[in-house]
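Below: a set of structures, written as structure tokens.
Same chain, two partners: subunit A is paired with subunit B first, then with subunit C.
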Partner chain A sequence: MPVTMDTKDLAFQQPKAGAPKDYRTPILVRLWKEAFGYLLLLPALAIILGLNLYPTVYGIFTSFTDQSLLDPNHFNLVGLANYFKLFADPIFRLSFLHSIELTASAVLLQVLFGLILAHLLIQRVPGIQIFRSLAMVSWVLPIITAVVIFRFFTLPNYGFFNLLLTKVGLSQWTRNWFGDENFAFLLVLIMHLWRNIPFYAIAFMAAMQAIPQDLYEAARIDGATRWHRFIFVTLPNLRYIILVMVVLHVTFTFNNFDFVYLSTGGGPVNATEVLPTYIYKQAWSGYALGYASAGGVVMLVVLVILVMICRRVIGGYETQ
Partner chain B sequence: MKLTHRIIVYLGLALFYLFLLGPMAWLLLCSFRTSDSIQSGRILPALSEFTCLNYLEAFNLNNFPQLVGNSILIATSVMLLVVLFASLGAYGLSRFPLKGKPYLMLTALLPQFFPYVLVLVPFYVLMSNLSLVDTHIGLILTHTSITLPFALWMLTGYFNAIPRELDQAAAIDGCSRLAILFRILYPIALPGLVVAGFFAFVVSWGDYLFVSILSQSNSTQTLPLGLQSFLQSLQVKWGLITAGTVIAIVPTVVFFAIVQRRLVAGLTAGAVKS
Partner chain C sequence: MVCSQIDYYRSGTTIAAAPRFNQAATIRGDFFRPNLKNPTDLTSPQNMTKRLPIIRFLALFSASIFVGTSHAKELDLWFVPMSQDGPAKGPLTKWVSENLPKLLPGVTLDNNYGPPIYQDAQQKLIVQGRRGKPDVIEAVLEGMIAYQKAGLIAPIDSEFDKWADKDQFIPSTIKALTINGKLYGVPYNTNVRVLVYRKDLFQKYGIEAPKTWDDLVKDAALISSKEDGVAGLGLTTKNGSVRTFQEFISFFFQVNGGENPFKYNESSKKWEMNTTPEKLAEVLKLYQDVFFAGTPSGANENTRGNDYQATDTDYVSGKSAMVPMGPWLYSYRLTGDTAKKILEEETGVAPLPLPTGGTQATYLEVKPLLINTASKDKQDAWALIKVLASKDFVALDNQTEGVNPPRKDVAELPEFKNNWWQQAFSSQLSTGVALAAINWGYVINDITEAIQKVIYKNSTPDEAGKALYMTLEKRATDNQL
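Right, the complex of A and B next:
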């Protein structure tokens, strides 16, 4: 007992013994000691502020100018002109609608299928570990490769899907799926589901495993069915992780440019045009930087509203 | 009851994994088939139709090895920079009494939610003023900046979970403050560092948007841009594209296999209490 007391005392006295010394050290050395924590953060903060925050703030400013890519260093302030032009533009309104539709349907279906897959992955059947470890493969692939995989899978003449349809005698259903106005948007949605459902499932599964088992025991004793246990025990305990995943993916889906641009380019006939692709084209094909920035600002505002809606609807943050 | 339960679970899993892995498996299979075989319209080819020629052809294209080289150079540098800067920052946020810490955290995490297309325009102007357009350094800095917020946030959570008594003990033994990070926290937070590095690598490896703006010649193009230009060429060579795609997938999948166990805990750090 005395031995442990000694070491404990030593641990507490060491900084105290050093304290008076501090006052004798030159002021620069003391400053250096105080600044150390900030210095650690400096490189990361400098990069984030300089290369992310500054361009965003500048982009908001650009949205009030007529800046053009042809001569980006000379521009005039034009007030809200870009915004008026934007809301009068039918293709912008269409892209806006598509973005909202895509984000809402993708995230809702991802939560639904994520819950189902998580429920399957949590079952202790033989070989489940293999399924668990394979689950997130689609999430780590570069999006361009996911696009190639789906375009190749749905090729008009020799893609697997059309070959299969022909094999089972439904050859009249075969088509160029990505080139079809009625199906291109659905395919973009499917690619989003394909990439992200496993991430939801694995995150939900981890959260499900953390739910205390006695809650289920208590529910069982009270005569709750499987379904009731899921609704009244599992779901309330998953609220916070659902909120995190939804906010993460509302942002991802709403901001995502690659899936649409690389698979359909927004076509056919604007059927898949979303805000990021529309704005990108305005800036880099139309050279209208100010106009494009106004579109970006609208996106930012909509995103903030969407995230606020999610927090209101799902709740769950107050429990953490 | 037990058996039917199992059958239902396996059936459900089979459906999900057919959807998740089926399209991938088809691409992998076809990357080893001759172009004639792919276009023959047969689902299962004869054994004689298998070939590695697509991969050879890809590597014999004059700019393909350079695409791979650029991708590896950029993604690896981003990974190292992000792990270094994020761990330094996380150490500061986790262990030192900084004024306005919640605001610092918020400032650091906020950019994660900004639309990239809004950032892109001033970003390009900034980069061209710094003469960093079409340079490796420009791309490395760009990818570092878009992955740092998340890595910083994640590692701060990781470091917060490590008991402070360890640093104090090391300090008493005469360890300097930087040495505490490298010699005490690094080994313990290794899984977190690996996941942060993995995240940075994967984002950089797969980025199309920023590279499409900042890269203007073959010397800085990366694999995603190369694959896109293969797709857009008039005579689409699917044998070549499938092989190129598999080559672009392999590093991420290998890396994924290494971190797989830690990935979820890392990506949702702080979100799931365990």
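Right, the complex of A and C next:
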């Protein structure tokens, strides 16, 4: 039965003849009317300005000074000197490269394995709830605990991995894994994956559960295989959550300090040095606050670009 | 007795009778009660004149109460061994809670003894120290130098000179805490690095503790080859680790005639290099030799990048036969039977082996007690330092932590004099070299990076020594020290 609508129903949208039009109301009067709304916004605005904007702006200002943590009240403006020095330092360039490599590989693999794990966790089999709960353990553990576990497992003489290798006759492979320049970076990556994949999986699983079954039913009727259903039904419906997770974890991984600092300190021979550990060392070994701030500003710019790229790539896919 | 102790620790501070405060409050309450029959009485000139002496008396009395009670303050003390969950925490905090009320009446301590890690304490103090808290800081020498550069600690020469105990302190430990001619701290704990070795294994193979670097490399390789699963020498080589640096600098002092790598030039008012690329390379060559000379080598290649926990644990579990070490290792005997047997029955202590033409020298660690420049109660802070550097407290701390006493009277106590471990380390104190008063942060990173370049075969010792020299020289030129 067709739905009809009387034009009288729209009458409330039309201004009555002779009534003053809204756009004619002076702006101050309208502001005054809406003042209460602005008042309600004020606390949030103050918090954002005070806690986010001020430190960011001050950090950017500091990057143009030679401020030292040992004498923070006396400093000189040095222009772009800190930035020139930063880009001339080969260890900074290496740290930059490592940060990009770590972020790209960690986030990509987390999405991939997160999808696989989500697909497994969504299955309706007895006891799956227990697995879903257990899957989150690594994400719930504090990072320091995770690092201590990994360090303990990889110790040269008593570590579980090395004992296992010795037991199976591969003692020539035993080593101080975090102290080996060929494996240290890989281990840092593995720690990121071990911690975050379950979080991705739970988030993806929640989004998968919200996909209407009708879509799968329709695809099945159209003869779509399991793979096709995943590509053409599941994945498009997960775009938004993937965007959220990628943006969150690009920021988290690029900014992450704890895993590297606690496990390798950036070594061996700078094999795991990333921007946060590099900046930390400048700030706390040399007390060079201005120089360290310049590193922080570079990180900020890179992060903004990375997040914009993520939004563009995944957002573009969404509009298609 | 209590009075004499008060005078002794407090240096003339008088304590007003705080309990009278309530009485004063009662008097004040009566006086200010309004006269309801004639309210104008209070403001009439006649009455005011009559009451003036009483007002003066009460004003003075209140002021004296205020001055008296203002001394009953809570001081903030940052003291890592009392904060960290280690063997010293229980005994030290118990001693303080039992003795402080008797020794410093009117002064209480905040129960939180600050961050449990020196690095954390250092960072927090640099950020927040100017607020005046903590009043008293316990630190490591590298930290003290940073605090002095930041103007966070107050010189204590005049107070120390007046103290009757000043002659009890070993001069080298006082010298280590003197920067630009001013004393900034009182030592309560000291130690040096020596060679700790498995004397049972050395006896087994008919060798003596090595006296030269050549012997060290040779003996380490011999033990590695003969003893299955035992490395001849254990070294700390983690990137940026203070312990890695301390081991390196001990060997370096021997090559550099017992002198620091930097020297202050009075005329140019700048730090300058006080070594050569060749000397730095010589120490790095030692690292190369212990890791790669001989088959198997003296040090286990798989332990490259080890931090101090692994170095300590390897020795006390029998995985290494020699380590450059400080006296704290002895506390590991409480961790298990193997560690107890190794440390009490099978361990010997010897001076660090010497390079050809080298000087007997080693890294001297001194832990000082310091006063915050911004403390609002420096007098009581100094009184607290005297308590914590007193004979009783130092003896308790040094015995519990297994370190050496910086006080002569403590070193003379039977529990120290008859302790072979203490004596073995104490006998080397005279060869200890204190670090120069520079910011060692960058230098520690530079040195540990150079070590890693050599032991991971990214550079030869000569290349790494030359590069390290240039980096350090640039740091000196750029005023980064």
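We take it that the second predicted complex is superposed on the first by the 262 of 320 C-alpha atoms of A that agree within 3 Å, B and C clash if a C-alpha of one lies under 4 Å from a C-alpha of the other, contacts with A are read in each partner's own complex, and residues count from 1 in each chain.
Basically, contacts are C-beta pairs under 8 Å (C-beta built on N, C-alpha and C of every residue); 3 or more make two chains touch, one makes a residue touch a chain.
Remember, predicted model here, so these are calculated numbers, not experimental data.
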{"item": "Subunit A as common anchor, with subunit B and subunit C clashing or fitting", "value": "clash"}
{"item": "First, second, both or neither for A:Val140, with subunit B first and subunit C second", "value": "first"}
{"item": "Which superposed partner A:Ala203 touches (first subunit B, second subunit C, both, neither)", "value": "first"}
{"item": "Touching partner for A:Phe257 - first (subunit B), second (subunit C), both, neither", "value": "first"}
{"item": "Partner chain in contact with A:Tyr287 - subunit B first, subunit C second, else both or neither", "value": "second"}
{"item": "Residues of subunit A touched, compared between subunit B and subunit C (which is higher)", "value": "B"}
{"item": "Contacts of A:Phe153 with subunit B and subunit C, given as first, second, both or neither", "value": "first"}
{"item": "Partner chain(s) touched by A:Glu181 [first = subunit B, second = subunit C, both, neither]", "value": "second"}
{"item": "Touching partner for A:Gly267 - first (subunit B), second (subunit C), both, neither", "value": "second"}
{"item": "First (subunit B), second (subunit C), both or neither touched by A:Leu77", "value": "neither"}
{"item": "Subunit B versus subunit C as contact partner of A:Leu112, first or second or both or neither", "value": "neither"}
{"item": "Where subunit C runs into subunit B (options 2-10, 236-244 or 308-316)", "value": "308-316"}
{"item": "Subunit C-contacting residues of subunit A that also contact subunit B", "value": "155, 157-158, 284"}
{"item": "Touch list for subunit A against partner subunit C, complex", "value": "69-71, 155-158, 174-176, 178-181, 184, 264-270, 281, 284-288"}
{"item": "Subunit A to subunit B touching residues, read off their complex", "value": "10-11, 14, 36-41, 43-45, 47-56, 58-60, 62, 67, 72, 113, 116-117, 120-121, 123, 125, 131, 133-138, 140-145, 148-153, 155, 157-158, 160, 163-164, 166-167, 194, 197-199, 202-203, 206-207, 210, 240-241, 244, 251, 254-255, 257-258, 261-262, 275-276, 279-280, 283-284, 289, 292-293, 295-297, 299-300, 303, 307"}
{"item": "Touching residues on subunit C, where the partner in the complex is subunit A", "value": "123, 126-127, 146, 149-151, 229, 237-241, 300, 302-306, 310, 313-314, 317, 319, 439, 441-442, 444-445, 448-449, 452-453, 456, 458, 480"}
{"item": "Subunit B to subunit A touching residues, read off their complex", "value": "5-6, 9-10, 12-13, 16-17, 19-24, 26-27, 30, 38-43, 85-86, 88-89, 91-93, 95-98, 104, 107-108, 110-123, 125-126, 128, 141-142, 144-146, 148-149, 152, 168-169, 172, 177, 202, 205-206, 208-209, 213, 223-224, 227-228, 231, 238, 241-242, 245, 248-249, 252-253, 255-256, 260-261, 263-265, 267-268, 271-274"}
